[in-house]
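Encoded as structure tokens, here's the structure I'll be asking about.
By letter and in written order, the chains are A, B, C and D; residue numbering begins at 1 in each of them.
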Amino acid sequence: MIIQIDPNIREIDFNNLTEKIKGLHYTSSRVSTQFGEYVIGVGKKPFDIRSIGTMPGILDIHRVSDAYKLVSKKWKVNDTIIDLGEGVRLGTGHFAMMAGPCSIESEEQVASTIKHLVGQGIRIMRGGVYKPRSSPYSFRGLGPDGLKMWYEQAREAGVRIITEVMMTEQIEGMYDYVDIFQVGARNSQNFNLLDALGKVDKPVLLKRGMSGTINELLQSAEYIFSNGNEIIMLCERGISTYESAYRNTMDVNAIAMLKEKTHLPVIADPSHGIGLRSYVPQIALAGVMAGADGVILEVHERPEKAFSDAQQTLSYQEAANLYQGLKKAYDLRESLM
Amino acid sequence: MIIQIDPNIREIDFNNLTEKIKGLHYTSSRVSTQFGEYVIGVGKKPFDIRSIGTMPGILDIHRVSDAYKLVSKKWKVNDTIIDLGEGVRLGTGHFAMMAGPCSIESEEQVASTIKHLVGQGIRIMRGGVYKPRSSPYSFRGLGPDGLKMWYEQAREAGVRIITEVMMTEQIEGMYDYVDIFQVGARNSQNFNLLDALGKVDKPVLLKRGMSGTINELLQSAEYIFSNGNEIIMLCERGISTYESAYRNTMDVNAIAMLKEKTHLPVIADPSHGIGLRSYVPQIALAGVMAGADGVILEVHERPEKAFSDAQQTLSYQEAANLYQGLKKAYDLRESLM
Amino acid sequence: MIIQIDPNIREIDFNNLTEKIKGLHYTSSRVSTQFGEYVIGVGKKPFDIRSIGTMPGILDIHRVSDAYKLVSKKWKVNDTIIDLGEGVRLGTGHFAMMAGPCSIESEEQVASTIKHLVGQGIRIMRGGVYKPRSSPYSFRGLGPDGLKMWYEQAREAGVRIITEVMMTEQIEGMYDYVDIFQVGARNSQNFNLLDALGKVDKPVLLKRGMSGTINELLQSAEYIFSNGNEIIMLCERGISTYESAYRNTMDVNAIAMLKEKTHLPVIADPSHGIGLRSYVPQIALAGVMAGADGVILEVHERPEKAFSDAQQTLSYQEAANLYQGLKKAYDLRESLM
Amino acid sequence: MIIQIDPNIREIDFNNLTEKIKGLHYTSSRVSTQFGEYVIGVGKKPFDIRSIGTMPGILDIHRVSDAYKLVSKKWKVNDTIIDLGEGVRLGTGHFAMMAGPCSIESEEQVASTIKHLVGQGIRIMRGGVYKPRSSPYSFRGLGPDGLKMWYEQAREAGVRIITEVMMTEQIEGMYDYVDIFQVGARNSQNFNLLDALGKVDKPVLLKRGMSGTINELLQSAEYIFSNGNEIIMLCERGISTYESAYRNTMDVNAIAMLKEKTHLPVIADPSHGIGLRSYVPQIALAGVMAGADGVILEVHERPEKAFSDAQQTLSYQEAANLYQGLKKAYDLRESLM
């Protein structure tokens, strides 16, 4: 069950509530977010919802039997809209385009990318300053200095920054320079990192793990939410399957299901979803048609020279052709659904 | 290598050709189809293509290093268009909609389905009379009588029939009543069945196996082609992965790749591709956007009463809404690509 | 439910029985095998088992809620032992070693293999005369002539033959020369072939499909059994997963589970289970330890010259070392379980 | 390439070495561990190994083209043996048994487990004090207090502690109470955690990710090694596949391959490898037969009352039966290989 309580609930009423829940043999957890106060009860016994709903200090109560609660559409019918300021919005009705290089490499590269994005009317730029790499001998990113350099250029151009955070210790140092914290596929069940991001008041884009189920992704989002941060978006980026003709298998089924099960925005990542440049446009379009609220793309001035992910990165020209098509596909989908 | 030879090549010239190929330590296979005569050479040694291309009786020669040869776009640049008569065409530029029940159940059901299809301008009806079922105790289809009953109604309405053939012995009995032979996922590498369908002059829709790779699908098509039948279409119907929230994982990546690698038409099967009714429309749209030349859908007057696949079958009303959207999505994609 | 009936049940008693079952809204199927007569009832309604069990002509009755019935250990507690004559037995307590080449290639090869096997005390030889190959241009086996040649040598040496049958039309021609019909992974759900093998009175080794579930394998065995043939063994040969460092993932979990769920013998195929020669011994031993009743191995006088599966085939010397170890592992396991 | 350098190499010689490597267009990384000093060169150009090997201050040099270098058997032929003191050793020739509950729950539980282990001659106890849980509302472990309580009892009994560390911040607080740091499957590519554990001088057990490849596991181990810690063991705990009849698919192929590719010890985790109590013994035996140097098991006084993983945990009696069998299987395998 999820109970929304009055933020000013009296202590005696709150105690009565938790006693009542304990009496049902449910565990209870109190959750405070930037937008509300909740009590989550977990248990199996049937109960009369009115016997709790009519207690003082209770604003709302719902039965939610899913393993994820607050991120479920059963709790919150209206989709979450994320406002990044200056008119940049994300979520149902606000198609979001995010693009940029795999890795932040240099001032010139940042300048060139921002120029490309602004010219295309794109307001959110992706890029990595901390890079998770399979091998310890690979390039691991420019780190905090790269982030600050990027920030200065982005701020001036009115462009938002989304970048990956890999560990809780990085959060504080990144906070002032980041608009969206990205959690990578490898950290999709790094629960301590999720806890920590739940205590931040900036948006989080949470990627699905390489072999993460849809339910696990929603439960990972619940970690962030139940620690206090409601501003979350989910990202499908391809899963690990037996097929080796491409890098990952883009799971459009997951996009369609997530849009039904959660009120959080869902983003498609076709660059990782197939991992081969010449197919990225088709997969981006498919992701939008399956229901995605936005697309995150890898682009680079000279893809073949990129420090990482060269084989799945679009050139500016390829990307420019795609942006228009994605917007048309989004509009068509909105008109159909 | 693929060599197209003059159908009237002199025996001495043909023998010289095969000697020449043998001299390169290549194996050679002669292939005769309804549209041409070919010699396929398989080997590894480099050779001067002109030394063969200039021999008498040779119309064309190409190096094709893929494991599949004649179905490769490296051999045939122009996409295959399949003509089903009376203006019903399939392939690049001719969007194909196929719909119908999982199983043919009764005369009434056939009549009702045909009425629905004709009302929607759909000219190809799917339905099973031989049903592959995991359990021997499940309904296994109406068999030949059902097929004949269906055929009579379909002929009258100008509707084409696509239905699954499960074994070579069935081909002859089905031949007169079928417009497209379907090979199911479980028979995707039933090489004897593929050989036999290669000797038929009717179109074949070949489904990808549950754990079949893209390369294996193309090689299975090569079986049909190299036995003489060039009129083949491929069908992506979802693959087996670790995710169990839905039935199969629709692999839109495969659709995009197949359209680059082969000249054969590619069909999307969203009903099996996700296996859950409420998500079939989104997945159908995604399949089209990824590049599919057509969609095959399960529809039923009362899905909840269907003998099989009830949970993934659309009602007429749901399907009618979808058909229009699919056409619009197809037109948008054509305008973009 | 499974009901074993008296083979001499009176017609009136049989009709009463089927009426009774119909009255419960169960479907019923009559199954006659070489060892018994059964009625299989499939439905959901609870019923009093005594109300049927006490009817005339009923020998035994059990509730079996699995999708597979007659192959379930819930029906038959005693494990199936398969007798191949002259003291060659298979099943619990009778460790079975089968070995031989991937493909039958020549008289000399057959002679050499038989000499190797007999020298090692091995009585069952594997080998393919019909080969399922991904590409139509690969070697597809010596066919019936190869089988007869092989048979003559094997008979003389007292060696049994296991070989793959790919289509129903082949069964009759193969019948006189085969001791065990093998159904390959690609035909694991070729239900017509399973039906046909159910009408044969020779043992069948049924391989699991590349992405077949344990339940699907058992239901495929049920096809054979319910058509009349009880002499079936199951074979785990590796499944298709995301890992590409080897050919297939040997699923020892499946071996352990199958031994609990069915009374049929379970065979491990480590050659396909990993697909790399140097690891075949370890995987064979692991398969035995997980519960396998036997092992089927690819061996060849000169593996590097084999027509097919060269990279996973053991030399005679490598195989000879392994046979002894497998027997010791089997004895250890029997002493532990 | 891997170059082992004299720990007392002169600065001028070291600089000449790195210049030489740079001249080959290789990147170079200096690695200092508790046992040696290395320079890792990564690049593609062929070079004369003697031109470097004869430079002053060089102890050894090898070409290693794998993505993992120092953990490869191509570098270090002798297997790593890990010494935990008081005669407790791990690695080739020293079979290691580790057992204990999923979660540390109470003083009584710890006492009971230690008594069971000591009675069986087992010297390493597993247990979780920080639990990674899919849902934020599940029990997440007793934390540092639980660890200290456990440590006191274990020290007294001469029992070693292996427990999971989930984040770098926990390492310092755990250091004094832990004998082996475990990295869980979800953190298998948490590169910051691996970096940090590379700076610790205590052994690390690294689990394979749910969809981690064998190569990725070895590269994750390289992270730890290249940060300075050579005392690492690898653990196969089942992978994510399409089969849902059990929890994970125990990959015995990986055990066999890892033993060939790396000098590090390999441990089998059958409890997670199948996830169902009644099959854990068979899978443990299979893991040993495939080549494992040890087994890690979940045991509990009353499995059905365990706070977590109840369905895959053995009772003391079940475990006691298994320990003896595992030792016999290990001895048999050693005699065969």
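The working rule: a contact is a pair of C-beta atoms (placed from the backbone, for glycine too) under 8 Å apart; a residue touches a chain by one contact, two chains touch by 3 or more.
Predicted model only: the values in this text are computed from it and were never measured.
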(Q) Quick check: superposing subunit A onto subunit D on C-alpha atoms, how many degrees is the rotation, to the nearest 5? (A) 180
Q. Between chain pairs A-B and A-C, which one is joined by a greater number of C-beta pairs in contact?
A. A-B
Q: Provide the C-alpha centroid distance between subunit B and subunit C, rounded to the nearest whole angstrom.
A: 32
Q. With chain centres defined as C-alpha means, what is the inter-centre distance between subunit A and subunit B in Å?
A. 38
**Q.** Inter-centroid spacing, subunit C versus subunit A (mean Cα positions, whole Å)
**A.** 49
Q: Give the residues of subunit A that touch two or more other chains, as numbers and ranges in rising order.
A: 211, 215, 239-242, 244
**Q.** Contacting residues of subunit C [partner subunit A, same complex]
**A.** 211, 240-242, 244
Q) So in the complex, which bits of subunit A are touching subunit B? A) 211, 213-215, 239-246, 249-257, 259-260, 273-274, 278-279, 281-283, 285-291, 325, 328-329, 332-333, 336-337
Q. In their shared complex, at which residues does subunit A touch subunit D?
A. 27, 29, 40, 42, 67-69, 132-137, 166-169, 186-187, 189-193, 195, 209-211, 215-216, 219-220, 222-223, 226-227, 239-240
